[in-house]
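The same chain A turns up in both complexes below, where it pairs with chain B and then with chain C.
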Partner chain A sequence: MHGRIKVKSTEEQKEQKAKERAKKLQFYQATTAAISEKRKDHQFDQEVLELTGQILSVNPDYATYWNLRRQIFLHFEHEKEPEEVKSIHQKELFFLETCLRVNPKSYGTWHHRCWVMDHMQEPDWKRELELCNKFLEYDERNFHCWDYRRFVVQRSAVPVEEELAYTSRLISTNFSNYSSWHYRSTLLPIVHPDHKRQGRISEKILLKEYELVQNAFFTDPNDQSAWFYYRWLLGRADSLLKINCLYVNRDQRRILVCFSRPVNVLSKSSKLILFVDQKLILPEWRPVAGQKTYSCVWLCDLPECTLDNGSLHQDIKVVWDGDDDLQKECTIYKGKRESWCRDSATAEELFRCQMSVEKSTQLQSELESCKQLQELEPDNKWCLLTVILLMRALDPLGYENETLQYFKALKVADAMRTRYYNDLCSKFVIENCILKMEYAEVRVIDMSHKNLTRLCYLDQMVLVTHMNLSGNQLTCLPPSFLTMQCLEVLNADDNSIENVSGLSNLPQLEEVTLRNNCIQTPADLQPLASCLKLSFLDLKGNPVCNLPNIHSELTLLLPQVKEIILQ
Partner chain B sequence: MGTPVKDVVIKSDAPKTLLLEKHADYIASYGSKKDDYEYCMSEYLRMSGVYWGLTVMDLMGQLHRMNKDEILEFVKPCQHECGGISASIGHDPHLLYTLSAVQILTLYNSLHVIDVDKVVEYVKSLQQPDGSFAGDQWGEIDTRFSFCAVATLALLGRLDAVDIDKAVEFVLSCMNFDGGFGCRPGSESHAGQIYCCTGFLAITGQLHQVNADLLGWWLCERQLPSGGLNGRPEKLPDVCYSWWVLASLKIIGRLHWIDREKLEHFILACQDEETGGFADRPGDMVDPFHTLFGIAGLSLLGNEQIKPVNPVFCMPEEVPRRINVKLELLN
Partner chain C sequence: MKERRGWIGMRNLAAIFSTLCLLLCMHCIKRLTIAFFALAGLDMLDALDKVDRANIIEWIYSLQVLPCEDKSNLSRCGFRGSSHVGVQYNPFKSPATPHLYDSGHIAMTYTGLASLVILGDDLSRVNGEGCMAGLRALQLEDGSFYAVPEGSENDMRFVYCAACICYMLDDWSGMDIDKAVSYIRRSMSYDSGLGQGADLESHGGSTFCAIATLCLMNRLEEVFSETELNRIRRWCIMRQQSGFHGRPGKPVDTCYSFWVGGTLKLLNIFQYTEFEKNRNYILSTQDRLVGGFAKWPESHPDVLHAYFGICGLSLIGEPGIREVHPALNMSLRAFEYLQSLHEKWKHQNSKFSDPVTNCT
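And then the complex of A and B:
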């Protein structure tokens, strides 16, 4: 089905081909019919092996015949002497090898080989490893063979270090290395684990690995696999589950809990326990985005007298799953509307991984080398992207402007992926906006005129009261916006917003300006009806403003809004 | 300097417009010559072949040209005693063809033709202690089969029949350094497997476990200068990856990371003006498999002459909607 070139042939050639095919077809039909007869009669014998072998050597995807061969072998294992069975298995391995030489990419062939090996009394795993070596020499990207190799390694307990050494050999000699780098990515964390971060590598080895990969892409800057692998090396570990923020609002009698990644608080196996002044409360938690099962942000409403104004202060504590390490507490004082406790984003965990001096020094020098490479290969997009990733890892705020310059160059070098680069840049820009907000210790975030094409990290902005999104390229305020539970003022002017589904059930939202966007109909503004405190809405410069009777329609839709501006 | 990029060059005389009628004619008459060599040689996948043909005809609004009765009569005897369904008569049952059969019967609203409870029993029997699924009684494990299992059960409304948590655990254990997925834990990322795993996670409501930005990057890097998509780094483009890669991107909410115009140009170039149908790449031989995925890819790109396609099930969107299958994709 793949790679069959359509060749223009003469009438004579066509006729010749038709004759050959008719002959092959006749043979095929006769053979399959014969096999069918014998199978019906439960005849599991050498003849069926012969016949199925003839079909399979031409068409190894005829899965049923591999099944039939297995049925025959099981029958033989029952009926024949071990010596004879051994010989039969050996012959089968030989047959399988000839099939593999014709088509090294048939699932059925490789699986059958696994099956035969598992049924042998004395399997020769060393020979199988040699077979893998041979086939990988022909085609280092044959994933069937790599998978078979992993099967052999597992069955015969080949030391992981040896496999790691094998990948090192391949990488240093060959060109087509993605499969080898991939294998390495699974082996390194086993041989040299980072005990603090699951699935990651110990730092000493990591630094050596950086060097190895740098050598690879300096030798051949067009070898994609090295650049992919390097990105992984630069990446952060998967974050451990944490409670990032606990927020209490006395007026709303509401508690918000923000996790570092989506969880299901309502599952049978997990519990989010709430204590108010050491007293256990079992509230009804709900995800901030209505119907979702998994959410980063959860909230609950407190029973009537829980937060009375009598005592000087009250202690609020949430504990996840009985795990004392996963908890957060805060104190709300008499007369205060709200209180919270949160982890700062400036703590290195949120956007990038912690860096020792050695690592930081080495990466700094690698950044310089990459910049030099970039001058030699100005069109190499991998290099441009990697420079950006290194700058993000080392100093996101310090390299902010330089990063934007590199993104400009990237979009010229690799125009096809412009939208990806715009979204990636948006993400990095928002990271910086959050960092600046945190350093300033304010709850106001300014993301205006930053060429944003998407919104990120909204679930980490639970405490934000004022947000400026004006002058970007946003087309919607999506459901992820529902986490902006403390938002009071939103400026989203001068975007291309058509959809504001995320602007619903935001209890503190008072002022929204959406000037010069793409709101088409009153229905588009339906979500705002549930923002009960909304008192000011500026829609100037939207197509919706030109509809007849629009002011009365909107007044009906949004009765709580005192001022709706249309011109 | 260094390794040249593997790609194709699209000739200037390659087709540039969608030849919908030609494709409908090609599929309608495919398989009418029961003695055609290619046709006979592909008997081992016939059930999937029928599903590809029916689905592409339905997407083109031409389902009525297929012989419903003949097809239902073909499917019924392919269900074996164990409940599993085979590719054709005389072949052994397998999850791949069980899914294809259920898709066919769902398209035709004719699930009564088979014993649905037995199908569920068969699927359930193939789940392993580690949550994975074997393709059949002979034990081959592959995330493709995890997808086949949950897609089959989702269409039958019977996801409760298997241990979903364990099934999810296994699929997640197949996630790689690049955000992609392979056949088994430790296997290299491949667009086909990624489609199966993201489809699986969509069905089981676990898409938040995917690193969408990282995987989306790997997927959009499948696009080559010709505009076509390959299945993994340093491979040639192939029209079927317009489906596997594109559907995956749609599921994780990053479809816009592909250059749509260039991809459309590539897909259209894979048409055969003479015979109808699509080939894997421009100038090659056509077949129903690539025809479906070329059309389905164009649908995902927004072509209005084709019905919207569901990116998880690869069926017209109206079908899973009709049977109320719950799916939430990332956005």
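And then the complex of A and C:
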């Protein structure tokens, strides 16, 4: 099953082939039978080595026979003199090499070689490294060989710096060397670690590495490997778990906690503890999206009189007692309906890293170079993606319009992935909307007329009261919309929305307009029944409006809504 | 030029069926995996009525490595690939005489169980205790699995096999889930694909194995953050060239239409792929004479690529092919049958002890 190409042959050739196959089959069956016999009689000798060798050189995937050879060698190690054992091991290495030439991708062969090397008294690791070099010259993408190389390096304690130098040599002779870049990515963080960010590289080396990669993709812009490596260099370390928002609502007697990634508050190993004025309260937490075990946003209802309006202020604190120790506090003052404490996406570097002047300057000049390259190679999608990436990393708001232009070009250069790029663009646009909202320090977000094909980062919008989604290409308001716990007014006009499953149990939602969408039946609006404060609903321009008796049906379904507009 | 759907079906039927009759000598140690591809393929084409189910079920059970009377070989139990070791034919659940060189092989246990499910067997003759013990004996400290108790290579393929075995038997005591999860996390590469293990190059096959394993464990969103999942999505969606390849810089290959396509389906963005180009590539690898798919056009077809070609077409909704369950790698019909078995076991459990783990 290794991709053999079909070759035409004459009748005579076919007959000859058939005879050869029959002979091979007979030999194969006779040999395996002989091996079975000897094994049954516990005869571990040279002859079995011969017989298994004959099978394995043709079919190296016969794992049982590799096992048998190992058994024989163990037997020899007991019975024979060390000198003889040494020569047997050497012969085996030679035999393995011939097997590898026939099939350099056999798991069994490489695995057996590891075993033999581990059992030799004086293994020659340098020679093994040379063997790897040779095989990687034939096929640099042979991951079995790379795996074996790692084994050799580890066993013989080759200094990491030497291996790093090896990758430098490979890359300089042939930039198009995906596996070398990959190997380099595993070595660099060990040789030049960034002490502040685990798994990342120190800045000085990082800047040099940018140069190296730039040279690579300017030499051959069509090779993916350098582009992927560059992307990795530009990337950020993964963030730790944090509580990024604590929200208290006095009227609803409700507390909302938002984590930076999904957690299970109800698991045995971690607890979310609540203190009101230093008094411990153990509420029943529930995820904002009903059935999920893991959720970013968790809610609880407070017992009556917990948040009375008597004292001047009350201190609310949550403590996450899991693997990480996290907490968040806020104070709610007398007369105030609500209070919160939220980390901004900007401060938390959620969308991009803060950069030193050196890094910023260098990346700026690299952006200019990439733009020039893009003019020479207009069809190159990697170049376009990298330009977009650099603009997002340097100044997402400043480069907003230019980024959109480059996305247009990207969808032409790589039309096959148009829908994916639309989604990616939506994501970047929403990031910018959030940044703008934070900058203005308001709780109103305007995402209208931005060609959005999907919604994301809704867990960053927990405090939003007014949202404008009109004039986009959304087809649904999905369950992730349930995080919009403070939402009061929603404008989702002029989309293609058929499904509003996320518009349920939103306790503050009062006004919704869904004009010119694709709502088909009253059942589609069922989720709204649980939005108890909903008083205004505009459905003009939806197919559902043309159904007979629709107004009375909707009044029955949504009794809390005082005004339902259908035309 | 569009192929007529009936033509695809019948030609592939012929190819797969004839393979069942001519199980290749060279692959005898993994004969059971070949049977799996053939049976699963026939199921996807709604053509299992063409095989002698009862006989094949007997044969599969004969490959079970059962515990002996004193259970001294418990950690070597499971299913073997074929009768090549020379153990006496025994399709019954009765205790066996242990053979020195006989043991289960993780991929055979997986495909053996999957084949039984596809054939509609109720798994009542499966020795659950043996399978679980055999599985536990194969897991390493780093969370990955060997294929056989004597040792072998260890990588993501066998992690996936282990997860499928536990899932099908509805018993996760066969593995340390947390260790396996940690192995998966550590196999993520700098480009956000997943390799066969830590520090290894990202690969479409191992990425599927990792993601499907997490889905079977129902832990996908717990183990990877949304950011990480987005990066994995990006790596996967870039694998489409016409059909799909398994790694950057490599040629496209029919089976990746399932490995990568299935992963994209599990990550909810398969709908963003280009269906027409994918379909045309898969069909271009079809053999005009005997049917079946090959990895490349003008190459010899084989049962593995035939099966994955069919699954690749199923993902894009090709008429005449059943829906596939990407995580468990079988038809949705077979998956739903398995669900009904699990329901039955739960119900019986509330009254008696689990029949799957009884020895007699």
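Please note the rule applied: the second predicted complex is superposed on the first by the 543 of 567 C-alpha atoms of A that agree within 3 Å, B and C clash if a C-alpha of one lies under 4 Å from a C-alpha of the other, contacts with A are read in each partner's own complex, and residues count from 1 in each chain.
Here, contacts are C-beta pairs under 8 Å (C-beta built on N, C-alpha and C of every residue); 3 or more make two chains touch, one makes a residue touch a chain.
On a predicted model such as this, the values are computed, not experimentally measured, just so you know.
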| item | value |
| --- | --- |
| Fit-or-clash call for chain B and chain C when the two complexes are aligned on chain A | clash |
| Chain B versus chain C as contact partner of A:505, first or second or both or neither | neither |
| Touching partner for A:31 - first (chain B), second (chain C), both, neither | neither |
| Touched partner set for A:150, first chain B, second chain C, both or neither | both |
| Which superposed partner A:479 touches (first chain B, second chain C, both, neither) | first |
| Which superposed partner A:202 touches (first chain B, second chain C, both, neither) | neither |
| A:220 touches, of chain B and chain C: first, second, both or neither? | first |
| Touched partner set for A:21, first chain B, second chain C, both or neither | first |
| Residues on chain A lying within both footprints (that of chain B and that of chain C) | 1, 3-6, 25, 28-29, 32, 36, 59, 61-64, 67, 70, 107, 111, 141, 143, 146-147, 150, 176, 178-179, 182, 185-186, 223-225, 228-229, 232, 261-262, 293-294, 416-417, 419-420, 423, 427 |
| Footprint of chain B on chain A - complex, ascending | 1-6, 21-22, 24-25, 28-29, 32, 36, 59, 61-64, 66-67, 70, 107, 111, 115, 141, 143, 146-147, 150, 175-176, 178-179, 182-183, 185-186, 220-225, 228-229, 232, 235, 261-262, 292-294, 415-417, 419-420, 423-424, 427, 478-479 |
| Residue ranges of chain C touching chain A (in the complex, touch as defined) | 25-26, 29-30, 84-86, 101, 147-148, 150, 152-153, 189-191, 195-197, 199-203, 221-222, 225-228, 230, 237-238, 240, 247-250, 253, 269, 271-272, 274, 277, 294-296, 298-300, 302, 304-305 |
| Parts of chain A lying in touch with chain C, wherever the complex brings them together | 1, 3-6, 25, 28-29, 32, 36, 39-40, 59, 61-64, 67-68, 70, 107-108, 110-111, 141, 143, 146-147, 150, 176, 178-179, 182, 185-186, 223-225, 228-229, 231-232, 238, 261-262, 264, 293-294, 416-417, 419-420, 423, 427, 456 |
| Of all residues in chain B, those that touch chain A in their complex | 1-5, 35, 37, 40-41, 44-45, 86, 90-92, 94, 136, 138-140, 142, 176-178, 182-184, 186-190, 205-206, 208, 213-214, 216-218, 220-221, 223, 225, 232-235, 238, 254, 256-257, 259, 262, 272, 279-280, 283-285, 287, 289-290, 328, 331 |
